[in-house]
Amino acid sequence: MIRFALGRGISLCLSLIVASLVIFAVIEVIPGDPAAFMLGVNARPDTVAALRAELGLDQSLPARYLDWVGGMLRGDFGTSYTYRTPIAGMIADRVWISLPLALYALILSTLVAFPAGIYAASRRGRAGDIGVMGATQLGVAIPNFWFAMILVLIFAIELRWVSAGGFPGWEAGFWRGIGALTLPAIALALPQAAILARVMRSSLLDILGEDFMRTARAKGLSRRRALWRHGVRNAMIPVLTILGLQFAFLLAGGIVIEQVFFLPGLGRLIFQSISSRDLVVVESVVMLLVMVVIVINFAVDLAYAAIDPRLRRRG
Amino acid sequence: MFRILTATATAMLMAGAAAAQDSVRIAIQLEPPNLDPTGGAAQAIDSVLYSNVFEGLTRFEADGSVVPGLAQSWEISDDGLTYTFRLREGVTFHDGTTMDAEDVKFSYDRAMAEDSINAQKGLFADIAEVTVIDPATVEVTLSRPNGSFLFNMAWGDAVIVAPESVDDIASDPVGTGPFMFDRWVQGDRIELVRYEGYWGEAPALARATFRFIADPTAAFAAVMAEDVDAFVGFPAPENLVQFEADPRFQVLVGNTEGETILAMNNAVAPFDDPLVREAVALAIDRQAIIDGAMFGQGTPIGTHFAPHNPDYLDLLDLSPHDPDRARELLAEAGLPDGFATTLKLPPPSYARRGGEIIASQLREVGIEADIQNIEWAQWIEEVFTNGDFGLTIVSHTEPMDIGIYADPDYYFAYDNPDFRDVMEALSATTDPVARTDLLHRAQTIIAEDHVNAYLFELAIPTVAQAGLRGLWLNQPTAAVDLTGVSWAE
Amino acid sequence: MTLLSVRDLSVSIRGAPILNAVSLEVATGEIVALTGESGSGKSMTGLSVMGLLPEGAEAAGRIELGGQDMLALPERDLCAMRGNDVGMIFQEPMTALNPLMTIGDQVAEVVRVHGGGRAEARARAVETLGRVGLDPVAVPASRYPHELSGGQRQRVVIAIAVVLRPRLLIADEPTTALDVTTQARILDLLKGLVAEFGMGAILITHDLAVVAEVADRVAVMKAGKIVETGDVPAIFTGMRHDYTKALLAASSHRVALPPVTADAPLLEVRDVVKEYGLPRPTAFAAPRTFRAVDRVSLTVRAGERVGLVGESGCGKSTLTRAILGLETIQDGTITLGGRPVVAGGRVDPAIRRRMQVVFQDPYGSFDPRHRVARLVAEPFHLVRPQPDRRARRRAVEAVLTDVGLRPQDADRYIHQFSGGQRQRIAIARALITGPDLIVFDEAVSALDVSVQAQILDLLADLSGRKGMAWLFISHDLSVVRKVTDRILVMKDGRIVEEGETGRVMGAPSHGYTRALLAAAPTLPRTCREV
Amino acid sequence: MTVPRTLVVGAVISTLFLLLASLSFVWTPYDIETLDVPNKLRPPDGTHLLGTDHFGRDIASMIMLGARTSIAVALVAVGIGMGLGVPLGLLAAARRGTLLDEVVMRGNDLIFAFPSLVIAILITAVLGASAVNAIIAIGIFNIPVFARLSRGAALGLWSRDFVLAARVAGKSSFRISWEHILPNIGNLMIVQGTIQFSLGILAEAALSYIGLGAQPPVASWGRMLADAQTLTALAPHVALVPGLAIVLLVLGLNLLGDGLRDVLDPRLRTVRL
């Protein structure tokens, strides 16, 4: 097991290094000078030059890259050009919105998808199955930002059940925070739940055809018990892959949803930083997202080994 | 399944608590990048802090006039070179330190310094020396007479700061204003509280929260769901008709100092030919743009001057909407079947939506405008600094900025010695009647020369709770002055 | 006392008839065999008794077990009986167990489902695993299925079926997927359990030799009907139904192999070694290797028919792939007509042209998207200069007729042919370049007994007409003895015995060969002369 | 051989949009270039089947032109994904176990690690927002999907007997990949291609919704939605119509994909990311 983790660990570090190089290279090429932008239209060349020096923009590229990566390893993402506050702090506040949102959406989608997938698989071909599959076809086809617009229109503006967006901050009470994230989470969760339900159903149907399910029935287990005791656990493996990938998509999908619900999460931070050419913030946030995704993939691999003994010994 | 889920969520949290009577939640579109008005050009910094947290020697009033601020009174020498300011007594900064002449000298020297990052360094260009006479008196001597010096010192970039607190002013501002900075949750809100030790009349409000909502739908939803008490600069003019029809709200539509223009690159063919520029101006139907892009909000302008300013001259008849005449002019200029050019549009909706309408109007007369939507940073680099553009749309929101036509290096590169002479004369005279006449001559020159196609003055709609009083109607400078704001009983 | 009586059982799935008025009786302590070719409905009969018919199946008739008609019972009562009163064993041990549960838990589950407590279930599981021959020290109950061999897994499946001492045991082809020696031990285990627990048993198998060795009575099925039943071994001499006779004849079919004078050596394999790297047990231990082929030498002379026999895992397929140049070898040389098969990492086309192969799986050895003409002509890729279109067509048609197919079959797709016909096409593909040596890698193992016989006759005929040599590789001794002049027996990567087929079969010198011959079930002597 | 219902419904919807898109090259009910601001935001009625938008343009014509953009962007993006991804996957499978295989797979994981939207934002920030850049962004994201899928399928085939027979016949791994492997994974690629096509439509809509897709005067459903956002209360049809168009086309393509899979080869392993 350790060797398995070690092997994956090395490839993880390698991908992180390559990812940081790619991100830095792409972002440095973006036209537009942050200093000129900050000082606005009437600024004079000498003022702009002074600001560039202050922000360290005049150093050579390799120097800035090493400075950035070195800082990141120490947990210091550098200071934002426009906000002039440490980026780590900015990211910290916003991570506490994007991450819970993604987690909330993942929980919602799993809570809906698992029962739906299992129900559809157990009623294969009958009305229940066709109904669920029809709903998932629709769920996959609806763009989540459009669905978000409709949710806001109905629940926030017409019925005024919940605030139209914004985030009161976790200090304003855990449940108020959750309340603010409910609509966005539902909008984010819809397409993912549809995909997860379909994967759950098809992987369960594959398993139901396996020989050991017939052995279970021969032992005297009823159809339902055989499904739950043997079927679901074996069906988890392909579902796990999709869950791992989905969390990464939820993080990214959040970028659009945060726009619609004006949640101050990582998504909006990326947008604001790109439009104000706050390059170092963009680099750091994108790097963080990529790190989270790679770590999640790593976790999914470990979870594989946990569930499937065949992987554990092979090492 | 979904229904049960949302029902339980709502049971836990009814709509946000109604605003207490002495506090207010103001929403504006953009969040200030930092809280140092002397260190950044972003208007959002002044919107939140001007007159609320920071004050200068002089101050803008709601109608745009300049009144005494921290300077109680002043005398100007006959040759107009020496200004002696008498400061108010007993003024303290929010950290308790007293405000005196030393702080004024420190603030101006800091702005004029070699490594200063003050966005409007030009305002202080004429100052030769600042001398402290006594703690309550400071003398400023100019290198050459400047009629608008008092006007310039009212700008947000010229507020008075203290050496003791200037170092981390960007995230913890300390000024002399009626409100103190309390908290900044980046990306979401800034909270100000009443400063008990304020030298002047105490404001009605005890607490003010600024929320930042850039997205038009979110803005509409926030106001409609009463999450905020007022939205200054509401980004979706198309929804104003709904707010006007709703008794809960009041809608105020004022003017800003923002002359929205279709700028032409005078340095590049074919825009170096006045006939072509006139053709472009005549091809434009201002009212269609105002209706289509701004849903009727905005006043047409014939020159680069704010219509609410007393010295404004109505020159709309110099550039009526006349596509046929425009085609004739193009033929005269040797371009019978028109030409192609680029139309670079910064992010605001007046540019993006206005741009689509202008492109189709220009197409009517044979001018093919290739639309390119770009970010502000790209606009500043490509258009403003490198002059790499044919046409662009931008709104100049700095007050009294007709002087930019005197600078040939300015992005639309207009080079007219007569105009420069008028501006020289203007800065030398302080007599109001002479100044009005000079301003009229300046406006007429740039209108007749069709330097740019002058579209409309950018309106600023504000949607607020019906019971809120004292909000500014117009925006002579970028500011949400809360000093006079209160709740009606 | 009749334990189970099946009366006129008819089953159809979505309208297609599968079983037609099947009647069968099993007494306590008696083993009844159900035999017949694939598709005759024998497995479906077993599943009907268990009440595990697939979706959309309708069954009519009566299945009485201990006085109760299983077909009339509600699902809940059937569940109560399965595993308790009637147990079942399946053919494919590799996939019959849940990979994520330990073998102990899977056996204990049967006891728990039928009301046993947790401790009692665990105890009976360990006890039953021991009883089926799994040494608790070597194979503890905490092991996972993927850590066990095929034979060991089948023992776990048997433990699951018998842990609650059912009155009836159904075994559906329990040993088909196993090696000969493992098969013998599993059959002995089954006979022992039936006797000890006094169970009635139904043994479903297509192998008449297994029937002869294990069963008390046998029922022969053809197309969903029982055509004949009788006692063993009496049935083998006095059978009445002609289908049964044909079935028996095919099993004991003899091939007339024309004699041939073997002259100059053709294929020479000298001290070949093939090793595979194994994953390192711990991160820093030296890398271990597994030696699949250990210093093997063999020669095949032109025109000679050589057989290579061994159980799965003895390295014979690795040796085959090495000979064909599909695997690199660590040591030793392989030459054909004196010249090395693999020169400098590249296969020498001139040499490769003279050696061809026929694989086991008739369904897998052809690209489903190409027509037969293109499939058969593929080896022409080795021929320099490439024959033109018309020459290729003529060659394909000629070789198709050689193997007993019609020239126009060249334009059809592979899925339009039966298993036997596909092997004929595979042989045609091997013949097209007129090779000196053909390697048959388990070429007939996947075929039914009757089809197998026809293919072996075809080979004999071809050997006479074309005179090419072949290396016939198989785990099935009875097939290899029919088509070879000389036999090599392989065990754990080494050749343990070599010699003339008759001599090796009659008086084997190596102990392993003797064990192999003893384990292989054989038809009773009396019927072989028929 | 009864053609499954899903295939028929999917095919009908998809071809309907294809026809609409190609028709828009030649004719649209109104010319969307000329604006007609006075009668903006008119609800659907006789003259304007689907009403007019905030500039007075005919929404039906905008939908037709938008269909052209969406289909073009998604088609080319899938083309890039397949064109580069499949050969990569085949190469990795042919050289399975070697360094090349490892590099290709690690590269895929890396592209997967970048959330697709972030790639799009980075590209459009560098090259500016346009339909072409949307194609590049979505295309890049499709490459690993096809590479991983084709490698998986090809690996399965390499162990099959008929490939061994081809190796025995002396064919090089490149020739085998071309003659035997590619045709046999063709079905899977077609079915996955349809699914990626529908995902491409959604991705293009999302990109142009946040302003990174096709720029005016090129019509795009995503941008219609973004413009209509503030009008949902005032004129709901402006926001509903483009949304429904997206849902319908994506639904149609998904049904087509599922139908194709059932017809071509029910056992295919398609993955929906």
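We just call them A, B, C and D in the order they show up, numbering each chain from 1.
Operating definition for what follows: a contact is a pair of C-beta atoms (placed from the backbone, for glycine too) under 8 Å apart; a residue touches a chain by one contact, two chains touch by 3 or more.
Just so we're clear, the structure is a prediction, and the values are computed from it rather than from any experiment.
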Winner on C-beta contact pairs when A-C is weighed against A-B: A-B
Centre distance in Å when subunit A and subunit C are each reduced to the mean of their C-alpha atoms: 50
Mean-CA-position distance for subunit B and subunit A (Å): 39
Chain centre separation in whole Å, for subunit D relative to subunit A (CA means): 22
Geometric centre distance via CA averages, subunit D-subunit C, whole Å: 47
Contacts with two or more other chains, residues of subunit B listed in rising order: 215, 217, 220, 224, 375, 378
Multi-chain contact residues (two or more partners), subunit A: 31, 149, 157, 259, 274
Multi-partner residues of subunit D (each touching 2 or more other chains): 125, 229, 232-233
Full enumeration of touching chain pairs: A-B, A-C, A-D, B-D, C-D
Residues of subunit A touching subunit C in the complex: 2-3, 6, 210-212, 214-223, 225, 229-230, 233-234, 307-310, 313-315
Contact set on subunit A toward subunit B in their complex: 31-34, 36-44, 46-47, 50-51, 54, 82-85, 90, 93-94, 108, 112, 149, 152, 155-157, 160-169, 175-176, 178-179, 182-183, 186, 259-262, 264, 268-269, 272, 274-277
Interface residues, subunit D side, partner subunit B - complex: 33-35, 37-38, 40, 54-56, 125, 128-129, 211, 215-217, 227, 229-234
Partner subunit A, residues of subunit C touching it in the complex: 50, 52, 75-76, 79-84, 87-88, 90, 92, 95-101, 109-110, 113-114, 144, 146-147, 157, 160-161, 279-283
Contact set on subunit B toward subunit A in their complex: 1-2, 5-6, 9-10, 12-13, 15-16, 31, 33-34, 40-42, 114-122, 170-171, 185-188, 211, 213-215, 217-218, 220-222, 224-225, 227, 347, 375-378, 380-382, 384-385, 396, 398
